[in-house]
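Read from first to last, the chains carry the letters A, B, C and D; within each, the first residue is number 1.
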Amino acid sequence: MHSQLNPVGSMNMLSQVEVDQLHQSATSELYNLYRNCSLAVLNAGSHTDDAEQIYQQFTDFQIQVLRRERGVKIDLQNPPLHAFVDGKIIKGIQEHLSVVLRDILFTSSRYKDMTDISEQITHITFDILRNADIIRPETDPNLITCWGGHSINHLEYKYTKEVGYQLGLRNFNICTGCGPGAMKGPMKGATIGHAKQRNNQGRYIGLTEPSIIAAEPPNPIVNELVIMPDIEKRLEAFVRISHGIIIFPGGAGTAEELLYILGIMLNSKNQAQKLPIILTGPAESAEYFQGIDAFIGATLGEKAQNLYTIIVGDAQKVAQTLKAGLVDVLTYRKQIGDAYHYNWSLVIEPDFQHPFEPTHENMSNQNISFDQDTATLAANLRRVFSGIVSGNVKSHGIKAVREKGPFKISGDSHIMALMDKLLKSFVAQQRMKLPGTKYQPCYEVIGG
Amino acid sequence: MHSQLNPVGSMNMLSQVEVDQLHQSATSELYNLYRNCSLAVLNAGSHTDDAEQIYQQFTDFQIQVLRRERGVKIDLQNPPLHAFVDGKIIKGIQEHLSVVLRDILFTSSRYKDMTDISEQITHITFDILRNADIIRPETDPNLITCWGGHSINHLEYKYTKEVGYQLGLRNFNICTGCGPGAMKGPMKGATIGHAKQRNNQGRYIGLTEPSIIAAEPPNPIVNELVIMPDIEKRLEAFVRISHGIIIFPGGAGTAEELLYILGIMLNSKNQAQKLPIILTGPAESAEYFQGIDAFIGATLGEKAQNLYTIIVGDAQKVAQTLKAGLVDVLTYRKQIGDAYHYNWSLVIEPDFQHPFEPTHENMSNQNISFDQDTATLAANLRRVFSGIVSGNVKSHGIKAVREKGPFKISGDSHIMALMDKLLKSFVAQQRMKLPGTKYQPCYEVIGG
Amino acid sequence: MHSQLNPVGSMNMLSQVEVDQLHQSATSELYNLYRNCSLAVLNAGSHTDDAEQIYQQFTDFQIQVLRRERGVKIDLQNPPLHAFVDGKIIKGIQEHLSVVLRDILFTSSRYKDMTDISEQITHITFDILRNADIIRPETDPNLITCWGGHSINHLEYKYTKEVGYQLGLRNFNICTGCGPGAMKGPMKGATIGHAKQRNNQGRYIGLTEPSIIAAEPPNPIVNELVIMPDIEKRLEAFVRISHGIIIFPGGAGTAEELLYILGIMLNSKNQAQKLPIILTGPAESAEYFQGIDAFIGATLGEKAQNLYTIIVGDAQKVAQTLKAGLVDVLTYRKQIGDAYHYNWSLVIEPDFQHPFEPTHENMSNQNISFDQDTATLAANLRRVFSGIVSGNVKSHGIKAVREKGPFKISGDSHIMALMDKLLKSFVAQQRMKLPGTKYQPCYEVIGG
Amino acid sequence: MHSQLNPVGSMNMLSQVEVDQLHQSATSELYNLYRNCSLAVLNAGSHTDDAEQIYQQFTDFQIQVLRRERGVKIDLQNPPLHAFVDGKIIKGIQEHLSVVLRDILFTSSRYKDMTDISEQITHITFDILRNADIIRPETDPNLITCWGGHSINHLEYKYTKEVGYQLGLRNFNICTGCGPGAMKGPMKGATIGHAKQRNNQGRYIGLTEPSIIAAEPPNPIVNELVIMPDIEKRLEAFVRISHGIIIFPGGAGTAEELLYILGIMLNSKNQAQKLPIILTGPAESAEYFQGIDAFIGATLGEKAQNLYTIIVGDAQKVAQTLKAGLVDVLTYRKQIGDAYHYNWSLVIEPDFQHPFEPTHENMSNQNISFDQDTATLAANLRRVFSGIVSGNVKSHGIKAVREKGPFKISGDSHIMALMDKLLKSFVAQQRMKLPGTKYQPCYEVIGG
């Protein structure tokens, strides 16, 4: 199959210099990044979360940018067929393809050499979001980030839709990490809620990054997609633009996200910050949250547990709680003169900002012990779970584990025991990978 | 509870003369019509289809129209609570309330004394639709009417959503009779399909009439509602504005609709007309359609059977078939100079236009026999099913049956036998009424 | 020349019944009305104000309404050429043609037999305006009616543009009677003011009626045109929808308008009403306003003079005064519960509502004397000036005067003397007719 | 006076890093640039073209950017009062202020160190225009650049309005260099033309640069303003985005523009290019164009003369000629695969791209002789006129001339004689400066 389409939005016209940058060349790192991210969004309807397998399945896929009278055309050779309806690309996917062009080019041309300075990282994160028109000062602040597993069971999925519906009825907008499961359900539910409220400006924001986009491609309902340069800027983006956070059941990625936000909120400089965090699932998931809560209590302590509320089996209450919490968020922002749409005053320390590369060595070297403050422990735990996600579904991680064996995770023996238990429950509940194949752990808990 | 709200759309300002017309008065027929229809749309989330019961449940509900600086306000006393989210009316329901005001006033002031002349009836139907902004010559013609039961099983419901989704992906708009089941599923599905195609102009048209609105209230997704004056103008509206018709599984009402459209298409004057008609349901409904098909074959003959296509368990094929059929529809309209958005050239004989009042006497007097042309037989059969719907869910019908016992249906013994069998299958499959109570037939087939 | 075009707006689809009503027929009064009004709007760029001459110049002009797939087409034979740019009709004129179709059909089908009841007349006026989407409760109330002559000198014209510009800068919208001179200048000025304020929703409302439309056709800048059925409903429309009135220099028509509004405001029932009325012109027009003011003082007295403010040569002050006055208008409307966009509470007595037919007999019979209250005297004087307008530029009036000689105007000798003086000054200043021909008075003041 | 306002458009939210960049500091070059350009757009209604005088008049003007909950605020101290209506800033000027923020920040942060490479200069020009949303591939290509004097007489001004009106009636959009006279008239005329065609998307693009913005500030009708970094990129922007060029009467600046475009079109690599160039003015300006034409003939030859058409006193013909020419432009672009909205294929040599600094030395050193190709001669002549503009109205130029006396212009004696004559005619016709003061030439033609 061969298809040509127009990019939509701000990237429908490129300069000669820019087109040249993207010209296909086997050796061009930028082109490969562009090609792979494009392939990922085209492959949205697929039923696997194994990035490597996806790339191997479509080795004959090619993409090119061509200049035409009315801007540029994107030329596709052998794209995944489920991106098309009767031979015509789904508009939502066409938009996502344009976003890939925009974000890869933009980040590449402006931020080729990323900085280490904290203030600059926050500026870059902001600049990328602003360039994607995510930040809209004139609109009502009402963005809820929903985190949770890409592999969840039917009851949990239905519940995420119900929560999204209740949020949509209250005109909340939704932000997730893209992908299936808990990242798709709230958007579908909100779509119906918005429709009943005649809100046709509903925002379904998806934040992704190049290494996860193939395993968790954006559902076409995502109508604002941003590809952040790395997972840490993606996480920073989530927390700075949100007015509330929901955490649904999930596996290692969800644990990473929970540890990230708790680690930041535990920072004493963020003591006065307002940000409602709700852990929620259907009545049947009560036990799951008890496990998570126990793990947090045993590792980060009661102070961390006080940062979130657990609501089980009551979608309406989730939405009402966030609506009430929003008032506090805005009052606080107004009081200290912070922006409604980007939380500048939240302090994010460098150990949450600097990209973590999950090599075997880095995985082994994390300090997982009680001889440090809880925020730092959270940062280190976060990295461990991040590494497990990589070993599970990301192209680089899968390769590394295949070559060198499972990651070795070690540290304080009490924590290792808790961790082993938690990870095992994720495996047992099929949260690590989409069902279909037997899960082979990419990690080994030493002394767990 | 007490609430005031602004009507939206063209009816947000009324003259003194008009407000006076609607002033609350126990003796005013117009006010009562207005009140009851308003109650029905407010009661959209209810789980009963018994109109009488609804009216009795909300005897203390009151509605008034008040004049204010910025137009009029609608004042509600004791409205059903599920129309509200956190005390604020759902926007979709607010629109529906405004539609009630518009349509009841409009029909009342322009068409108080309805005419019998066929050409005038068609003009009235058109005028009401035009006043409701249903007819939009500048838009692409792409309206599919979905008929089917309000009481269908879970598999069937899921399938109607799937069909709606496939239609939405192809930018079809949806028209149904309002209400739950097969009238709601396609709209929900299309909403998701439209979202993926970034179509935020999706139309979810609901056509209802005062006697059915309480039993089958418009779901808030319906974003264009019209209350036609009677069932016959409602049916005429469906067929003149549609570019294709889908019939999902259903009960007596669905049978009425099928007989109506077949009766018209059997008219020799409509021989050249193009209008795709598809009977469809999930794989599990195959048997249901065999029953319907057999009944049509035995009563109206093979010619009638040739007017529709049965597709089982293939939502995508349904959508593709309608897309292919649309080309023929438009080619034909263009060729004979007919309008794309209102099928003027379709001939609808007076016996399909004149309102049928389902009294016991009228029910008994229908000529159900083979000694007439098939179009007339279809017209008479249509009336019988129409009466059964009335006895099942409409306020007047329920009362009449309670007072005088079941309607007596009689006629040709062969047809009676077929009819009895068909109706019994509807009962067995719980298609007559929403589940919850035991169904007590409102009819008796004599000699069946 | 032969041209076909689509009507725009709500009248782009007509029913068979409606098209039939308008079918060309020499004997059809409705068709002739439709044709003549259409011709008038097409002839907008012409340089004559003699209605009869216009109709005679285009005897071979024909217009037809044809049914097509996408609604109806308007078919024009031999239309005036200045309605076209390079063979394509100017969009503004296309809209005006559609308005003619809408208003002639609407009034004809709903209000064929006009009522005499005051409350009904007000309802009809409202209904016609609402159908034309003139009344928009959700918008800010800010409509200024500008009255004044169609034949004014260059300095006056420039000044009307300057006033319009200052109004536009303050986001006022403009309403006039259509036509050149003081009815066009404020709209052109406001267009520039609106552009600078990035207001692309500027409203330039033109109210006309069939007998004046040819002499004073709508300039294409008029983006909301309404053809009221007669001059009295047109005047009622002006005063009920306005939030302030400006009167520029003018001739008999302007005098009619001034007397109309003063007569109504003098009514003791309207004592509490708020409506700023400003008489204004360039510094050079100071003397003109002294003449008008003296005439009002001598006939209707000081109380009438107190109803208006005269501002000479200060466009900015005019706009600022109206802005300040608007606050009072809205405060009053809110306080008594009246609508912001239609002044229901203003009392207009039947002698200002009933159409005046300017026959020779009716003109002679007006009671112009001091033995009546001032409101009634204003009403009678208004009729006399109305008749003079008819004799000057309207088709019927011109014919009547040609056949029977000038209208005879008689009454109290003091008033007659004042009137004669005033009318003579209008003649001397070329305010009666557009320059180009010598003005031959259509009236004779008896005892003046 | 003290006022705070929101920037509009994409610059309504800035990062901490960006706000810091602009923080007021007497020593910051960027802040001074920002302040002066802001002052210039606020001073739009002024009646002087002397940049230095303007800056001196408002020494107490201050501007600051402040962070607030809903983005940033611009804080103004002692701004020019005519930017306000009743104490509220004119919306158009508010937009221009936002543009200053956008363009000064954007250019500063992305293109601090400008490149010399031709391809990169074209990319920068494109990037700045794209960032300003000037380039819109999905719209119809229809942009006409109007060049001409800021100081023209009343008849000429009226004619530029008439041409703008005729262009507007044909839905052309207008681009000028901002400022009064021939840069404002076409926009005002087009506004009325667009209004009649119900085109409320009319574009009135103003391209300026920091050194000219004070002398020729954007009229508030300009609804898309771009501040290019220097005059050469501004000129390149004009010719790459236009589909036709009109040159009205003017002085040194207009001569510069004419020489620029002729120099480029004379380049043999541009032989096949299509770009209609029309010199036009009212009948009374016939002699002016004879002078210009004679000068071009004598210096650049007949080939240069063939590149333009002179139309005198026929605004409609100007518009019709451009409409016909547009077809050729688009056909050519399509044929060679060039963009409709940015003429990439036009070759602009480095001597037209590199900024010319009009020092006394540079002015003396231009090679004005026949011993070079005509394109180069045009480039050199262009620089000389550019220098005269600087000496007339730009802050730096005025200062330099005051300190060191008039620029000395020398070269081939025949050309000098022609030049002297042409410049003298500009002086005599008051084209060099706005009337009001006696013009003191900033140049001296040696051997003229």
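As a convention for this text, a contact is a pair of C-beta atoms (placed from the backbone, for glycine too) under 8 Å apart; a residue touches a chain by one contact, two chains touch by 3 or more.
Bear in mind that the values here come from a model prediction, so they are computed numbers and not experimental data.
Enquirer: Taking each chain's centre as the mean of its CA atoms, which one is farthest from the centre of chain D?
Expert: Taking each chain's C-alpha mean as its centre, the farthest from chain D is B.
Enquirer: For chain C and chain D, what's the span in angstrom between their mean Cα positions?
Expert: Distance between chain centres: 44 Å.
Enquirer: I'd like to verify one number: the distance from the centre of chain A to the centre of chain C, where each centre is the average of its C-alpha atoms, in whole angstrom.
Expert: 63
Enquirer: Could you tell me the distance, in whole angstrom, between the mean C-alpha positions of chain A and chain D?
Expert: Inter-chain centre distance comes to 47 Å.
Enquirer: By residue number and range, which residues of chain D touch two or more other chains?
Expert: none
Enquirer: Going by the touch definition at the top, which pairs of chains touch each other?
Expert: A-B, A-D, B-C, C-D
Enquirer: Note which residues of chain A are touching chain B in the complex, please.
Expert: Counting only chain A, the residues touching chain B are 85-86, 90-92, 95, 169-170, 188, 191-192, 195-200, 220-221, 223, 320, 323.
Enquirer: Could you please specify the touching residues of chain B with respect to chain C in the complex?
Expert: For chain B paired with chain C, touching residues are 10, 12-13, 15-18, 67-71, 110, 119-120, 122-123, 126-127, 130, 135, 137-138, 333-334, 337-342, 344.
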